[in-house]
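What follows is a single structure, and I will ask about it in a moment.
The chains carry the letters A, B and C, assigned in the order they are written, with residues numbered from 1 in each.
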Amino acid sequence: MSSELVVTRNGPVATLTLNRPEKLNALDLAQWDRLGDAVLGFESDATLRVIVIAGAGTAFAAGGDIEEFTRVRRTPAEARAYDVRVMRATRAMTGSPHAVIAAIRGACVGGGLEIACACDLRIAAESSRFGIPVARLGMAAPPEELPPMVQLLGIDGALELLLEARLYDTREALAKGLVTRVVPDDELDAEIAATAQRIAAGGALAARAHKRVVREWARAGSLSPAAIDQAYACIASDDFREGVAAFLAKRRPQFTGK
Amino acid sequence: MSSELVVTRNGPVATLTLNRPEKLNALDLAQWDRLGDAVLGFESDATLRVIVIAGAGTAFAAGGDIEEFTRVRRTPAEARAYDVRVMRATRAMTGSPHAVIAAIRGACVGGGLEIACACDLRIAAESSRFGIPVARLGMAAPPEELPPMVQLLGIDGALELLLEARLYDTREALAKGLVTRVVPDDELDAEIAATAQRIAAGGALAARAHKRVVREWARAGSLSPAAIDQAYACIASDDFREGVAAFLAKRRPQFTGK
Amino acid sequence: MSSELVVTRNGPVATLTLNRPEKLNALDLAQWDRLGDAVLGFESDATLRVIVIAGAGTAFAAGGDIEEFTRVRRTPAEARAYDVRVMRATRAMTGSPHAVIAAIRGACVGGGLEIACACDLRIAAESSRFGIPVARLGMAAPPEELPPMVQLLGIDGALELLLEARLYDTREALAKGLVTRVVPDDELDAEIAATAQRIAAGGALAARAHKRVVREWARAGSLSPAAIDQAYACIASDDFREGVAAFLAKRRPQFTGK
């Protein structure tokens, strides 16, 4: 894997670090492909619980690589083809069975914000900045990338963000529902680690069922029999027997993910 | 009715008190049945306006009765049958023509939180605690019980609550949208009474139409002709004639619910 | 156009001022028609970017004209016919290709709140007041006017507002998501102007595509091919070429809306 996307693994937690710090981690098409590849590559890894997405240096990701736009996003047809590759990455994230957390520090703008919105949780250092000021480029955001933003912000908040093309500080981003949680800059790494640890301490089957049920219902307005089956399958697991036994014995459960 | 669910009536307000204080009002199957029975029993009572759900002692409800799980929730099939009885109660609440208010004090966890989320309003004493830490039991929450939680918290908030399995204090619960309102502990009873009084002071037909329209649209994304008819039927009521006359005479209306 | 709805134009910004200050801008049927006419009249004006809706005097709009109700809203059939004219105005606003901003000062109640909820952004002076206390009239709100309120407030917030029939101050309205932003009373005009200016500084085609995509997805849960096409059509525009060139040259773009 290229050094532009650094993948590290620490037990149940994989961290994908966007690593073009000299470009504030702006995403070119190759980077979107790498991100999609990395997330999809973890799909069947039953020992993984959490994927953290972070940025190297002073930014999370400042957006698309605008210079590259002049070569690969010149026509509506090129833009559609471009966005298919963007959506391959973001849909890998929302569709991943693992919890996906954005660890946001600095600029989280444009394509960077699209990545953050496709994560399950968005934890931000206090000095972060957020926005999708594409109206200043005279272009609309990829239309099929907007629903996750509308789900977080509502109609009101999404139109405010897109029409005014302002950048938000973390206070405003938190008030609008754009981020899950804000912490002082020097506590971001510890909060990400603690959050991943809390998630990994719960049953893996339960977490995967919860993510599937919530995302499927939010997308479709109803639940498929398969999603319901997956939730109830937890009851037949070793983990459920262990969880109940541990609860009644007032001890910590030892889950195996089976 | 069993002493484990105490039903009291005070004019247009009925209060259902979960009364197993030694178990922090944990709900066993019999209690879910009693709750469903009580709410359904009020369905055609045109003199009722508000159902308050409260907990005796120091908790609202600490969740399901985990000891009982080892007898009645051992297999996926048993869990489905169990949840049918849970959902009979919660759907009686969302489907009730009356306003249903959760009066929350202390632990509001697991099944207790499911009850709260099925209420129309959630008013909490400041020292309350909220969560659904079922991942620690190695099980998923009843999948068809999750949509009301997602409607309150959004995708982001629902995944945060389920995946991290943390407990929230009232400050966090309010910020996330999990409760309607928080009051100092010693003002909870007065706030519940004042809220019920404000609701009962409005027209009954209007309140029932409003609840139906809001809930039907939130569930289905559209309104049935019957829901629209019910809203317009208010215009043919004595209450509407009285309401307009009172408004123009600058006096309080005397509604009869007809 | 009648003096009861004053239309002014300032470059890319049109302001529609409800002008019955002696009635706190209460809306009678003729006023709903004027509002609908004015908004629809701007539909194909490609030089317009923003429609501001404001109230003359001390209120935004105190609601419907209740005296008129005794002549034109006496039966369910009359109420339906009345609401068709209300919805012609509010749907003109949500369907307008231009950004529509409510400039709220004072009472924003009943029909006034329906207007505000149909705007894309709601900017309020600090001393404003909000509510839809129709239950006190013994009537239900126009059922098909409620979805925009539920989209802003959620089920919880919409039921709270309708069932309790309280008025909210701006602090509560902001916390509940009923308004986009609150400013000191003497800064309202400047904030409206600055917001309109920020919107007008972005590309017109992008803004129209953003509004269409967000509103269509929020209404239908999916995007039509036509909405997606409209978003990608920006890529073939002069504005997009100018926007990218200006970004790379680190200068302000000069958009033409073409």
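Keep this in mind: contacts are C-beta pairs under 8 Å (C-beta built on N, C-alpha and C of every residue); 3 or more make two chains touch, one makes a residue touch a chain.
Because the structure is a prediction, the values reported are computed rather than measured.
Summary of the copy comparison: rotating chain A onto chain B for the best CA superposition needs 120 degrees, to the nearest 5. Under half of the residue numbers at the interface between copies chain B and chain C are found on both sides, making the touching surfaces mostly different. Note: centroid distance chain B to chain C, computed from Cα atoms, is 32 Å. Residue positions 221 of chain B are each in touch with at least two other chains.
By the touch criterion given at the top, residues 66-67, 69-70, 73-76, 78-80, 133-144, 146-147, 150, 154-160, 162-166, 221 of chain A touch chain C in their complex.
Interface of chain C with chain A (complex): residues 99, 120-122, 151-152, 177, 180-181, 195, 198-199, 201-203, 205-207, 209-211, 213-215, 217-218, 221, 223, 227-244, 247-248, 253, 255.
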